[in-house]
Amino acid sequence: MRKLFVVLAALGLGFLGSAAEYILIGGVAPLSAPGAAESGHEMKLAMEMAVAEINAAGGVLGKEIKLVVEDTRGLPEEGSAAMNRLADMGVVGVVGEFHSAVAKAEIEVAKARKLPFIISEAWADVLTAKQYKYVFRIAPANSLFYTKVADWIRAVGFKNVVAIVENTDWGLGVNGVLERELGTKPNIYGEKVKYTYIVAERTVTDFTPQLLRFKAMRPRPDLIMNIFTGTGEYLIVKQAAEIGLAPTRETAMFAVGTSALYPEFWETVGDYGLFVITKTGYHPILGVTPAIKEFVSKFREKYGRTPTFAAMEAYDSIYTLVKAIEMAKSTDPDDIVAALEKVRHDGVLGTIYFSTEKEPAWMYHQWPGAKAVVIQYTEVGQKYTEALLLWPAILKP
Amino acid sequence: MLEFYLAQVVNGLIVGLIYALMAVGLSLIFSVLKIVNFAHGDCYMIGGFFSYYLATLLGFHPIAAVFVGMLGVMAVGILIHQLLLKPLYTPKVERKGEYAILMTFGIGIFLQNLAMALFGPWTKRPPDFIPGVTKLGFLFIDNNRLVVAGVGIVIMLVLLYVIGRTFIGKALRAVSQDRDAAAIVGVNPVRMNLLAFGIGVGLAGAAGALIGPVFLISPVMGILPGVKSFVIIVLGGMGSIRGAIIASILLGLVESLGSVFFLDPTRGLAYKNAFGVLLLALVLLFKPTGLFGEKFVRLE
Amino acid sequence: MLSVEEVYAGYYRDINVLQGVSLRAEAQQITTIIGPNGVGKSTLLKTIYGFLKPNRGRIAFHEEDITGIAPYQALVKGLAYIPQRRNVFRYMTVEENLVMGAWTFRRDKARIQRKLAENYERFPNLARKRKVKAGFLSGGEQRMVELGRALMSDPKLLLVDEPTAGLAPKFAKMIRDHLVDLKNEGKAVVLVEQNIREAIRIADYVYVLDLGRNKEEGPREKFLVDLKELMRDWLF
């Protein structure tokens, strides 16, 4: 009896979704704990902005777009529940997600329920490496991006690299790429790079014991890879500085997570953030396209904060999906997938398109255009857009 | 290498002290009201945000903000008690244990989401108590942690004095040991409950306010410390203040040293939060009432 | 001094254990309540002291209506209550226990000291063990702590519920002697007792309750004769 009711409810919602005068698009993002809610909220804001703009310009296929963003709380089970709820509501496609572990659960629902899904900001290779027909990704795959970061580490000549890795699919994925890349290739001086790492839960707030251990290591590490996001990322920066470990003459600090780009970075770490190194997929020196300029100023005007990479990805995800719907002239999932494989959207981050190559495996339905930029803060309170560009080196020796 | 271990010990002691502030509050509430306050971690979080805004918006000195923040959380506690917990003492509520669990759990979820809505999900950092780092011989200690230790010890000593030496403290203990007998000698138990709840959550608030500049604040900051304080009061013996203090210091040390002595150093931090539970399991195996627990805890 | 008029009370809303009980107690008298188990003797004391609110009826003390008063207020009016259940503060010392009895006048240090001294004179055992945690005392000594604690506030009326239950005969006698002393000092004592023979021996006036109602009452002499009959009544 209950089952029947659920089926009826689903049918009812589906009916509303298709027959109504609007097209329903789903969003998934961590909006509360234990997820990285700070990033999830930023993505949600960007999605809402994109939808508002598209509707102001007349919508798609003559219909208004409605966006429903579901909270995945950074939990895989919540992620798949959210995807199923969206499918029940009759969304024509889904964009978003921040946590790889959650996305891993979500792609299974996308596959089972034939939901075109553009992953905005989850990086684990496996998400596209599974080569699901309905899954696309704008965020760079870990391998795509961190191979370049590893290149930088070797090019600078670091020899003793240590890492604190958050125990998530993203963190372990990044760690895997670095371990592989640094373990197999020597640095610029032909020396072997020693890479040591420790894994910690996202909930840890006191890293001091391990940082003290790094400080006591001989030879002392010359680079700390802070493979964390959110509060943990800030705390590692702060606590490493407090014990006089990094950033110092002997040891550099590389904050890998996106949170190092937020204004909260300075608010939380203060002076300790000076000379911290981080990475971004976007930097003005790569060429400030009018699209980026426009997006940044619109976003700032609307929400009063400088958007990061994650916001741009979420924004582009919506536009790309809508453009595919327009090309397909249909909301049938298979038509949308066919259109996504052909779409070229001039977005904020560049021209978005999806590769159909199957080698390497993670390249399938992946946007290959993501750029990796290593930057360093040279002033307290600096915006990441004004930070010093370290890599790729513009002038090679 | 000695310096390394010494640094770990100092770190463990300071963290243990913060645990102690929280756990003693929880223990006090448990022993007087006979309920477990599942909103304890969220009161800790509220304390962090109160003192953050007191310092950044109203210009309080960060240390003064801790104390005013603590009073603010006490006020919240009093409000919660008067509005939501008082039905516990009337015959209207029959399953008091369940009522208290559901109620405090709900309050916790509410506070967390309220904070998310009011303050946003972003991590914030209250201003430093004293900026910089102190070098004690070969030890580097963040000045904020020194302040945490100092203020924490002061609060703890005042509390121990109040509980142990004053008439009010005696009345609190009297209610915790025998509620009816306390009423017989003229103590108004409902008033003592209010006092214990206020002080208890106030201590959590003070811990959250103190830890802000060290571990940063966010709406979810209280979840783990909340869980840890449950571990601590079971470890120390339900309702024992002394047990809670000793178990807190113990947990701080075990976590700090455990994560560096762990057999596989790459996983040490990953298991950090498990050490407390492991310690708990071991202690309960040999002493089921906790370190300083009474044989019977009457839940009513 | 105390008058209970037609009181109905119980633990659940619609089930009255007491069904119209009346009772009077006077100064310099021990008023004893006897009756089989479960007829509401303890319930009556609890209702007088305010642990239970009567559904009907009136309780007055010195002509003042104290019906439905809260327990912590009853003490201020001059009542004291010693329940049957052991109720010392187990983890406090004997002295701390006694001092708790002075809660309502906690600022008056001189009075506290005076009352403490009186108690130690009355109970020399307790004087010797003043620093011992009450939980470590024998049952009889714990009763003395409870009695001493109740006396701290100078009550006019003591409600005492089976004070000798479970005590060695030596201690039981000591407790009864103390109750007689208190009566002679001018206090009113309302006593619930299981040991009917002893209860009637020290009583001045006796009430018999049955099924929540008054069954019989009268001065002690009346019951000295009828005791056998009374017992037979209960047994069959």
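Which chain is which? They are A, B and C, in the order written, and residues in each are numbered from 1.
One rule holds for everything that comes next: a contact is a pair of C-beta atoms (placed from the backbone, for glycine too) under 8 Å apart; a residue touches a chain by one contact, two chains touch by 3 or more.
Fair warning: this is a prediction, and the values are worked out from it, not measured in the lab.
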Selected pair, greater C-beta contact count between A-B and B-C: A-B
Centroid-based (C-alpha) most distant chain relative to chain B: C
Chain A and chain C, separation of their C-alpha mean positions in angstrom: 74
Mean-CA-position distance for chain C and chain B (Å): 42
Whole-Å gap separating chain A and chain B, where each centre is the average of the chain's CA atoms: 36
Of chain C, residues touching chain B in the complex: 13, 49, 51, 70-72, 75-76, 80-83, 85, 87-92, 96, 99-101, 103-104, 106, 149-150, 152-153
Sites on chain B touched by chain C in the complex: 91, 167, 170-171, 173-174, 177-178, 180-189, 294
Complex interface listing, chain B residues touching chain A: 1, 3-4, 7-8, 11, 15, 112-113, 116, 120-125, 128, 131, 133, 140, 142, 145, 215-216, 218-221, 223-224, 255-257, 259-260, 265-270, 272-273
In the complex, chain A residues that touch chain B: 31-34, 37-38, 40-41, 164, 167, 196-201, 203-210, 212-213, 215-216, 230-231, 234-235, 238-239, 242-244, 259, 262, 264, 267-271
